[in-house]
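Common to both upcoming complexes is chain A, partnered first by chain B, then by chain C.
Then we have the complex of A and B:
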């Protein structure tokens, strides 16, 4: 056999490569086994630490705990409490009334809120975000003020957690800062995060929102319109009607239509029905039809019934659903449409809507 | 120089090329794993304050239509639908599209869920091939819709589901999958956190073979009994979980599995839905989304989440696995060919200059190089053109480096999500890392090569059929549990809110 034409790999290099590979493989295997062993050990230790306090916590959450239970939990050894605290915090989201107050009292006695206030100033964003979350769950003096500061945090996660936490606290003092997040030029915060928080805070946000209703940026006007509907600002309905009729942006008009549907103001029905006209954008027409149905005005029935025959599927579908939502008059109109042999499209939408209306047979 | 000498020189050159190729391939994977680890750390830190339940109190939570195409799934369909119905989400519906099944998929569902025909108008927002025969819903107030169609293929069934969907987000799920209970809440979260930009979110698909499923949930995760499935556990972990997380980290995710992905309905409709003539319709849709949104100069994001998980039954026989891999290979060829102008094109950002060239070099051509490399190695040894030391080096780079990568994937899993908890599972996984790189990979390369050849020779494509065992039920398996209410059903205009 002739000698190889290709270069021969130096044996020393080869032995080194094999040894290196074996070392890496062994190191990875050790890391894997150590990780598994450590996890199992940590879990077992955590379970042991949880065991004494968990029944007491459950008793407290169930309203069966007296002051003695609270005292025992408040004086649990530090290691046991560190295991139990996340359980107590996670319970809070599911509790109301006295049981919640008892858990909050426990967390206050253990200094959870004070520690969270302190942690909210720490350097690591993870710690600040966790602290903001705790402040929203536990509350306490200074929580709102601190969370408002965190709305301008340099980390986007911390800002979002702070907004959600403020919504959970429902503190009217949070209304202005939250509205500023929605309308101002500050650090970005998704409006989907701010709006639910505003909805929880409710009417105190109204005046700040209305003040921004004429903002030059259509995206801001759209958010303001949406938020006014979410906070239930019924007295802002005339302003929203004007927005629906006059705003140059279709997106802003669509949000105004949806807000009017949420508010349920009867005076909005005619402008909403006007927004379902054929020359309007399909998304606005469908939204306006839905809002008309949500308000439940009987005078909307003829217009909606005509829309059920619309060539745009979603306009027709929404109009039929809106008729069903209006009640007996709407259902009667749907019944007529369901048997209209000359309008097969409308008949199909009508039958579908009737099938979904509670207690109605087509 | 004789002909033999010339052949020997060529063989040596080929061997060096293949060696360099494997170094590049495995190092690329290592880079993706490093990127994925960064993503995982971020994800895990967010867990403690994620508060997915906030979606219940959020009036702007977007509704989700879960679309499940089903073709001959009678063994698992009831369990799968029950699992979907027990998912946590304030506003969702399940749309099952029975795609002209030849078994009793529809009848089994009809009996179990007490289905009755309902008048539902299904629009033609995206094209379909199978004509809708009828639409059914349970007599009880359960958010389930079953669309019975003529057989039109999976892409068509997906499109029927998208047409029938009544919510602004559509979640594509395979009928043989079981989702984590909070899967929808978690997958929908990016749409709430960044509504202006997120158009799709992909979840992880992992193997559930031989793990007990109770009331639609994986009760206890175990490694499968068969080695073929065990190897796929490691493969899915390395390639799907870590690989896709890595791509997502650089904004170049080009595959969201059709088995578990959430999309904005309006954007999918805008690009025309799933392509009816592509075998890899899920990847093709994602690449088309990139193409369309880039051309429109829109700012957008497609994200991949390491959690939640869609648990699926992976093939346990060589025949079914081979068919699946041939199909995947053909799908890849079709997608890359259809969007060939994007490859290496800076206009398409990281997708154009990173992801697609990677898929060409290290996915499409990998079986050619793998099989060609083996042949060249054997030929070189036979001709005496290469020394045994070179063969050892080749083995170290091609197989040893691969085992290291698989082990790294296991270590990352252990320190992040640690789904498998038993020592036996760990031992089986360790064994699978070796089998995956020494035997399995070469065999799958052969199937992928055949898929490539099928494409080049334009052989007729077939979806084939996966034989399902059905999920392993625990002895105390009982009812479906509470069924969540759908809440108000709004039209897709609702999604305008996210603009």
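Then we have the complex of A and C:
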């Protein structure tokens, strides 16, 4: 019987392949070790450059601005300052009062804001984004105007950093441009970026939003209503009530109802309960029921208890959850409904809501 | 002056707090995480502890609870330093026996005043 025949590999090819593999592994090992050595060297050099300035920076922050310390930091050699500047910028986010003002004064003396204004025009998006962040923490003349320009930057990350930076500056002049990010046709910015910025700007942002509440485009009106709720514009509640009652768009009315629930204004309870009426769109009824529960008004209990029997499943389910959110009186109403043998649908919704309510046994 | 334990995993915050308290004449013990803070509190019995809420190994709330659970350390006043100004954090802190709290971003000058006030209350 002949022996089995296997694939024939040339010995020279095999040796060459093994040698090649060894060379590749050696090259990888050298690259890895060199990388580690380089990283350690860079870190050690950074630590050496930080060493003279960091204790002074801590002393400046803790001492609420000692002029002698400020002078020494302002005249540190450039290489040392380049290592220290990121630490100073990071400290700004952790401190307030005199400590923060002292570090801002240092950054102004070192020309950080002027350099950031210059860098905000550079080609690389990362440089522009870093400059926008610095303008937001340091501020200074021209910072708001430059950041407003960056809201229309071609890079979405730069736009987002500029919006956050404007929020941090809390400059009333930023209100209108930030609102335009929500209402205008320009480059889009995510809501979760614009809303906190508007909330930090405060009352001027609320006024700018209310001024856009009558925009002819219902999509814009809807965004404005939502924004008023998200930024906690309690003083805009009467305007939102009017939107809930009178706006021709169901979507805008729904957003107004949701915003009123977020604001928690007691004067909104009756208009919200009126919006749960059977002739209203189901989505608005459910949203208004949820908002009534979020406000927590006891006078909403009978209306919501009646809604738990609604033929619209969504409305009934939301009304039961809203009763649980109101507190002891809502829970008592749910307990009654849970045992109502003549209303099986309502009883099921009530038992489900009681089961989900924390610390409540059906 | 008093011996104050400062525990925070953020070196910037920790160094500023330590500098401010030393400047006011206190002796300061330093910990970089919750576990080390608890060990230091048990071994050195400071007059007051300033604890960051969010720390590795043990949170400031956990350290506060452990201090209160041990008769030997139950009387150490605690000031919580928290980045999260949420009611839940603050309520939990007071529920576990914290004496005061401060939210980040914080003012070193205000922290110093709170330390003085809590020390004065505890010595009455």
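The criterion applied here is as follows: the second predicted complex is superposed on the first by the 213 of 362 C-alpha atoms of A that agree within 3 Å, B and C clash if a C-alpha of one lies under 4 Å from a C-alpha of the other, contacts with A are read in each partner's own complex, and residues count from 1 in each chain.
Simple rule for what comes next: contacts are C-beta pairs under 8 Å (C-beta built on N, C-alpha and C of every residue); 3 or more make two chains touch, one makes a residue touch a chain.
Keep in mind it's a predicted model, so treat the numbers as computed, not measured.
Colleague: With the two structures laid over each other on chain A, which partner does A:283 touch: chain B (first), chain C (second), both, or neither?
Modeller: It touches chain B, and chain C stays clear.
Colleague: May I ask you to decide whether A:63 touches chain B, chain C, both, or neither, giving the answer as first, second, both or neither?
Modeller: Only chain C; A:63 stays clear of chain B.
Colleague: For chain A, which side has the bigger count of touched residues, chain B or chain C?
Modeller: Ranking chain B and chain C by residues of chain A touched puts B first.
Colleague: May I ask you to decide whether A:93 touches chain B, chain C, both, or neither, giving the answer as first, second, both or neither?
Modeller: So A:93 meets both chain B and chain C here.
Colleague: Taking the superposition as given, does A:230 touch the first partner, chain B, the second, chain C, both, or neither?
Modeller: Touch status of A:230: first partner only.
Colleague: Touch check for A:17: first (chain B), second (chain C), both, or neither?
Modeller: first
Colleague: Quick check on my understanding: which residues of chain A belong to both its chain B contact set and its chain C contact set?
Modeller: Of chain A, residues 93 contact chain B in one complex and chain C in the other.
Colleague: State the interface residues of chain A toward chain B in the complex, per the touch definition above.
Modeller: 1-11, 14, 17-18, 21, 24-25, 28-29, 31-33, 35-36, 39-40, 86, 93, 126, 129-130, 132-133, 157, 160-161, 164, 190-193, 195-196, 199-200, 226, 230, 251, 254-255, 258, 283, 286-287, 290, 313-314, 317-318, 321, 345, 348-349, 351-352, 354-356, 362
Colleague: Once bound in the complex, which stretches of chain A touch chain C?
Modeller: For this pair, the touching residues of chain A are 54, 58-59, 61-64, 87, 90-91, 93-100.
Colleague: Along chain B, where are the residues that touch chain A in the complex?
Modeller: It is residues 5, 8-9, 12, 15-16, 45-46, 48-49, 51, 53-54, 57-60, 118-121, 123, 125, 192-196, 380, 384-387, 389-390, 392-393, 396, 400-401, 403-404, 407-408, 410-411, 414-415, 418, 421, 423, 426, 430, 489-493, 496-499 of chain B that touch chain A.
Colleague: Which stretch or stretches of chain C touch chain A in the complex?
Modeller: 10, 12-13, 15-17, 19-20, 23, 104-110
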